[in-house]
Amino acid sequence: MNSATLFGFCSAAIVGLGLFGLIVSPHPLRRILAFNLLGSGVFLFFGVVARRGAAAGLGADPVPQALVITGIVVAFSATALAVALVLRLFALTDEAAPTSEADPKAGAEGGHS
Amino acid sequence: MSTASVATTSSGYLLVLAVMWPVIGILLSFVVSGRQIERLAWIVLPVGLVIAGATLIAVTQAGQSQIYVVGNWAPPLGIALRADGISVAMMMATAIVICVTGVFAHGEFSQPPGGPEERAPVVFWVLLFAIWSALNALVLGSDLFNLYVALELLTFAAVPLVCLKGKKETVEAALRYMLFALIGSVLYLLGAAMIYGAYGTLDIRLLSERGHAEPATLIAASLMTIGLLAKTALVPLHLWLPPAHAGAPAPGSAMLSALVVKGSFFVIIRIWFDAMPDLLSFRAAQLLGALGAAAILLGSVLALRQQRLKLLIAYSTIAQIGYLFFVFPLAAGLATGVAWSGIAWTASWLQLFSHAFAKAAMFMAAGLIAEALGHDRIAELGGIGRKLPITMLAFALSGLSLVGVPPSGGFSAKWLLLLATVMEGQWWWAVVIVLGGLLAGGYIFMVLGRLLASPTEVPALQAPVSRWRECAALSLAICAVLLGIWPLQSSDFLFIGR
Amino acid sequence: MSSFLLVSAVLVLASIAIGLVRILYSRQAADCMMAAQLVGTGGIAVLLLVAVATETAPTGDVALMLALLAAFASVAFVGGMRGTGSKATEGADK
Amino acid sequence: MTAGTVLASSFIVPLFMLVAALGQRTRERLSDLLPFAPLPALLAALVVPDGTIVVLPRSLLGITLSLDKPGAMLLGAASLLWIAGGIYARQMLQDAARAVRFAIWWLTTLSGSLGVFIAADMIGFYFFYTLVSLAAYGLVAYDETAATRRASTIYVALALLGEAFLLMAFVLLAAATPGNSLLISDAVAALRSSPWRDITMLLIVLGFGLKIGLVPLHVWMPLTYSAAPIPAAAVLSGAAVKAGVIGLIRFLPFDVSLAGWSEVLMVLGFVSAFYGVAIGLAQTNPKAVLAYSSVSQMGLLAAVLGMGLGSGSRAALLPVAFYAVHHMLAKGGLFLALGAAAARRGSALLVLVPTVVLALALAGLPFTGGQLAKMAIKDPLGDGVASVLAQISAIGSALLMLHFLYLFRAGIAEAPADRPSAAAVVAWLMMVFAALALPWFLFPTLDGASRADAFTLQELWGAAWPILIGGLLAALLWRWRTRLPRIPEGDVLFIAERCAPTVSRLGAAFERADGVLRQWPIASMCVALLVVLTALALAMPA
Amino acid sequence: MALVFDIGIVSLLIAIGAWMIMARDTLVAVIIFVVYGLLMSIAWVRLSAVDVALTEAAIGSGITGMLLLSAAARLRQTEGAGARPSFPVCVAAGSLCALISAGLAGVVLLPADVAPTLAPLAVANLADTGLENPVAGVLFAYRALDTLLEKVVLLLALLGVWSLGSDRAWGGAPALGAYVPPNDILVFFAQVLPPIGIVFAAYMTWTGASHPGGAFQGGTVLAVMWLLVMMAGVARAPPISSTKVRWLLVAGPALFLAVGFLGFVIAAGFLAYPVDYAKALIVLIEIALALSIGVTLALLAAGPPERTLQP
Amino acid sequence: MSGLLHAFTILAVSAGVVFFIAGTVGLVRFPDVPTRLHALTKADNVGLGLVVLGLLPYTGGLLGALKLVSVWLLTLLSGAIVTQLIARAVR
């Protein structure tokens, strides 16, 4: 058992947990949290792959590291967009009455409910 | 196959342009003021179409894949773009649908003269560019992580499109879509990580040489496939599709249904037929086919039971996606060179393209009808056919293509698919295909019957409908029909590069 | 030497863990914010200890980053609470 | 102008008229074009030499057209009927708001109806067949009443079902054909050795049987003909149904003896022949009676084809086509008579007499085309049981036609005099003339047939006695007419409609399943489940 | 002993992850997530991935935490919207997820004899890029296309967030920090920390070429500093129609793209650099990107425009 | 590395660890939020300071040492502010 394998198990467990959270969480914000957990599990898996690929004097293979960095940034933007959606959804739910939403096209395709 | 060094081919630069040209549009859109964005679109769209056409010609003339090694860093370290027969076909279809959508959206998403910059037009045009760029990146990418980024680009472009109207239902739909698509991307990424861990490369061509069936590969493949299925909305992973596609504005729905779901499907094809060609076991192929069959039945029956036109079309999309998945059981022999799988291969692409055109046309027609009537309740559509004959014709032609009435792309696709089921001895798919056609006939005629009815009181149009927009929808429907003159046999073109 | 540092790291980690259990058990939002504080400070210590022990190169930057940003979450927490009226107390009293 | 161009124009001209309808001006005058649309087809039937084969360019689907004797016969007769129908329809549509729509459906159905007679490849045939089947929907649904809605819905559902059968049949045929040939002749030739021979045959019989109304696939016929306006009913019952006949002629492998299938076809045919008469007698709507008569007549044709299939020769084809031609003209004439009668109430007798002749011609009245038709199919039927059954069915036809005439006369008295319409009368007279005269011209083209045979005493008696017996039976029936059961149009349809709640429950079950699957926890769990399943499926070799 | 430490951190990560999923209160769950992110960056250091550790510290716990925290705080009243699925569903979901975890663990246990790696190749080609940090080499040379497209993803996400504002608010400013009552401590903090942060961000960006760090990390620190300033009410969020903001947003990607196209002329092709100027060009791109990323991330976290622009 | 420095490191780090543990004990034992907060921040910040002090000899350069010290200073600063903020929020 080396530490890469250990973190590999960790990533497996976290992926499972994240997936479970995504399935059972009723609140969208919690789903976003679970998605982030799941994502970090996946990134950790990349980290394990990178660590195992240590060579040429490097502590870890740089390619998976770069992929993770890209992945983290993408995951953040996904989170930001999803959070904005959640907030907008709850704002609209609170408003209830569509009057405050001065949308000129509102009548155009009525019957959306 | 050998590990021959990958080198940029003479027309390779076109691939870079195809991906980056819309990106230039996106970047410029941020800095020019609102009214300029649509003008920008009138430059971006035709040039993009030309690029797609040039790539098509280049690949056809060369008779082999066109490759661009980005930054001259050859895989596995770098990334290559590769255009084979299916990618250029897809590029061309994308370009046509996007351009016509652009024409269709003109007017609906124009900045009003004089006033301040408005939200919807700015967002719409940027998303249109983004979808285009993402799809080109998806069909040209030959690196699993590059494809991941392209997939995310596509998702991020599609989600805001769903809730462009800003209504509660659409925001809810967009959120569902987003979260479900995110599960999909994460699973895909996990699969990619495993692939890298096993083979030290993400390049599809290299993987096809190195890959072999071992546990890591199997799990990775299933993770990636299911992740992509979630984005493709194959039953039972279709929860997000109906509200999302029905809630988006018409040009948005057209792109979502015609193109966006096909993007992730394309990647599944890449994985199974390019990256790991000998991995597709009989059982797995049957499983995917069975899901497709379930999609056809469920989607068609539910389409029949819808009361709103846009929802009906959305459920029809679910059904039509199902047909695409017969490519796995029927063309599985492609890798081993079994003669008949070529037919299923051709059929599936034909289905994809004809559905893309037909569905885009249908959503546009539905959008026009909804705009004209102020609602899209099927029961109250009576007589609109007389008011909007061109729209109705567009709907009818694309509907008939979905049903599989000759001469149309839908018919050719269905014919070839059925032929393939017979040849492969997998008659059970034929039953589903035929049944699906019947049900499609049911819901199409249900709508056509209403459109054609002449109630005593013909509804008054709430808004004038521009002739141009009607013609845009019609032109796509005609494209779907014209695909029907594709020769009814396996097409060499779609085999370029494989 | 390195094993001494590692032992210290493990000890700090353990104390973080115990503290976390205590805080999180209370289930009060404001209280929980302390957990972030705890892990922020403790985590930096652990990081430094481990980095030196295993001779991992420029870990100082990571510690600096953590030090710079660990407080930020708390600010966001407080800011978010205040932004929505006095919901913080409500959370704390729960 | 080559023969090929003429042949092709018979379906291209009507389609071109459709395209022209995109223009506003043409659209408003579209119904004026209806009588002229079938003219190229008529020309083709007259001048194009037998055996012409044309391959159209790729842009026209690469359809192959050919004209043989049965095809030419049916094409000519059908175009006549379409012309007559067009004359009638043009008048009917003069001030109707729905004229354009009707005209569009009319032209579409027309090009399909004429196209099936000349298509030589499967794709082309399927194309025309689809046109004639599906576009007829618009003709049926012309009057927007609940009854027409029901009729057109049922019609289109069954038409789609027929399409589905045929599509699968054609695919199986294509699969068994060596090379990439899609020619019908090649496909039928290869059917004998096809590994899917029986299923192909089944699908062919089901598909075309649905079109010609073999029991129990006939349910749409009475509904449709009752619901459709008169000219539409005339062309549908006369011309459109013959798409099924030509389909059987083209696609059954007559060159080889397929024993089992010949019996199947015969049994189905004779059952339909008698069933149509029996149920027809219980009808009160003259249109429905005519529809059941079609069921009966087409059943007889199917039986003849079955005999031909058993004999392993193509000898039966031309007689069948000839019989079909007569039926087409007579049936069209009878439907148009319903319209002419309404227009000419004042001089009812003028309408009644020719109608009596036409009606009894369907039963084989001497000196009419009907007698020739019966003579034509005598040879293929042979001397055995089939021949006897055919005679009995002729009695039945006579009986049914007398029933029709009774209803017809009653109808004349009751019909409201809408307006005097010369066009209706012209169209009708044209069909009466064609039905009575044309068979005499065509008869000699049959192998070994001469007009003189028709005037032998033996033949005349053979044609007359079934009508006499029919007349006697009709007189008996007249006595007990009040005791006759009244069976709704579409008879066994009620069984299917009884299943409707079950079907709708099934649909609701699908809806519920969709509702469950679209719940977030379930859907996301499906993701996990599918990952596991796919991995297992990949790991386990088949 | 290192293994003991690793076991400790791994079990802490798993436990906290589980706790996060199970926590009843969403706000608590988010706080736990912040804690988790902090621990995660320690894990990344243990995996010798310092670049990632920096990114995780900056984004994973820093800016994501802030985003989720403020959202959770705003959504406190919606707590309890919807219930957990029924017990059997939970059990089924749990077993499926456990199966998947087991599968992954199995893959972890069965490594290849020689773990595949691109490290030697990456190091061997590093000289051509003029860089010393191989991760930066991958990001800005070998896989520059991914990085460029990812920038577009960021911009799109921002546009998506903006599109969620109401029609009236388009062109206006995000509401972040607009309505907070003045708080002297926070203001003090927001005045003291940013200078340090900006210096650090500059250092991160600059050092990225040769040591762990780079445009991502630097940009994120910038974003966090700006957010802090906005949240404390020291500076207001800019209107999204501001030309300056728009130019800042696209500056990085546009420069990247321009240099990429320049490659057609002065180097071996798209996104290729001439060997002599490679490092200079990359550093230039990184600086522009850091600025753009900073603005993009901050605005992403700030949310859609809510305040209408007063003419 | 001389033995003296070793001893210094061991001493400082051990002391730091002790402070951390003490902080945790306080956290567990103290009854309400403000007192817990008090225990936590005070003890942990001192603990971190000691650890940083102990590790200074290993930083291998002035820049490294500077970084380490600034880490501590930053933690002190933010710790103080956050404590205030939380305390106010709770109050």
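Order as written gives the chain letters A, B, C, D, E and F; numbering starts at 1 within each chain.
Throughout what follows, contacts are C-beta pairs under 8 Å (C-beta built on N, C-alpha and C of every residue); 3 or more make two chains touch, one makes a residue touch a chain.
Please read these numbers as outputs of a predicted model, since none were measured by experiment.
Hopping across touching chains, the smallest step count from chain B to chain C is 2. By the document's definition of touch, common neighbours of chain A and chain F comprise E.
Which two chains touch most often is answered by the contact tally, and the pair is A-E.
Centrality annotation: B (chain centre taken as mean Cα position, compared with the mean over all protein Cα atoms).
A centroid comparison over C-alpha atoms places F as the chain most distant from chain D.
The distance from the centre of chain C to the centre of chain F, each centre being the mean of the chain's C-alpha atoms, comes to 12 Å.
Spacing of chain A relative to chain C, judged by their CA centroids, is 22 angstrom.
Chain C and chain E, compared by their mean Cα positions, are separated by 19 Å. Taking the mean of the C-alpha atoms as each chain's centre, chain C and chain D sit 83 Å apart. Chain B has residues 77, 145, 149, 152, 156, 159-160, 163, 166, 171, 183, 190, 194, 196-197, 200, 215, 219 in contact with two or more other chains.
Chain contacts: chain A has residues 15, 18-19, 22-24, 31-32, 45, 48-49, 52-53, 59, 63, 67, 70, 74, 77-78, 81, 85-86, 88, 93, 101, 103 touching two or more partner chains.
With touch defined as above, residues shared between interfaces to two or more other chains in chain E number as follows: 2, 46, 48, 63, 67, 71-72, 74, 85, 89, 93, 97, 100, 103-104, 111, 115-118, 122, 142-143, 146, 150, 153, 156-157, 160, 164, 166-167, 183, 186, 189, 193, 196.
All chain pairs that count as touching, in label order, are A-B, A-D, A-E, B-D, B-E, C-E, C-F, D-E, E-F. If you check the complex, the residues on chain B that touch chain E are 8, 13, 16, 19-20, 23-24, 26-27, 30-31, 68-73, 76-79, 116-120, 122-123, 126-127, 130, 133, 137, 145-146, 149-150, 152-153, 156-157, 159-160, 163-164, 166, 171, 190, 194, 196-201, 214-216, 219-220. Residues 19, 22-24, 31 of chain A are the ones that touch chain D when the two sit in their complex. Put simply, chain A touches chain E in their complex at residues 1-21, 23-27, 29-30, 32-34, 36-37, 40, 43-45, 47-63, 65-70, 72-74, 76-81, 83-88, 90, 93, 101-104.
Contact residues of chain A toward chain B in the complex are 15, 18-19, 22, 28, 31-32, 35, 38-39, 41-42, 45-46, 48-49, 52-53, 63-64, 67, 70-71, 74, 77-78, 81-82, 85-86, 88-89, 92-93, 98, 101, 103, 105-113.
Note for the complex: chain C touches chain F at residues 1, 4-5, 8, 11-12, 15-16, 18-19, 22-23, 28, 30-31, 33-34, 37-38, 40-42, 44-45, 48-49, 52, 60-61, 63-64, 67-68, 70-71, 74-75, 77-78, 81-82, 88-89, 92.
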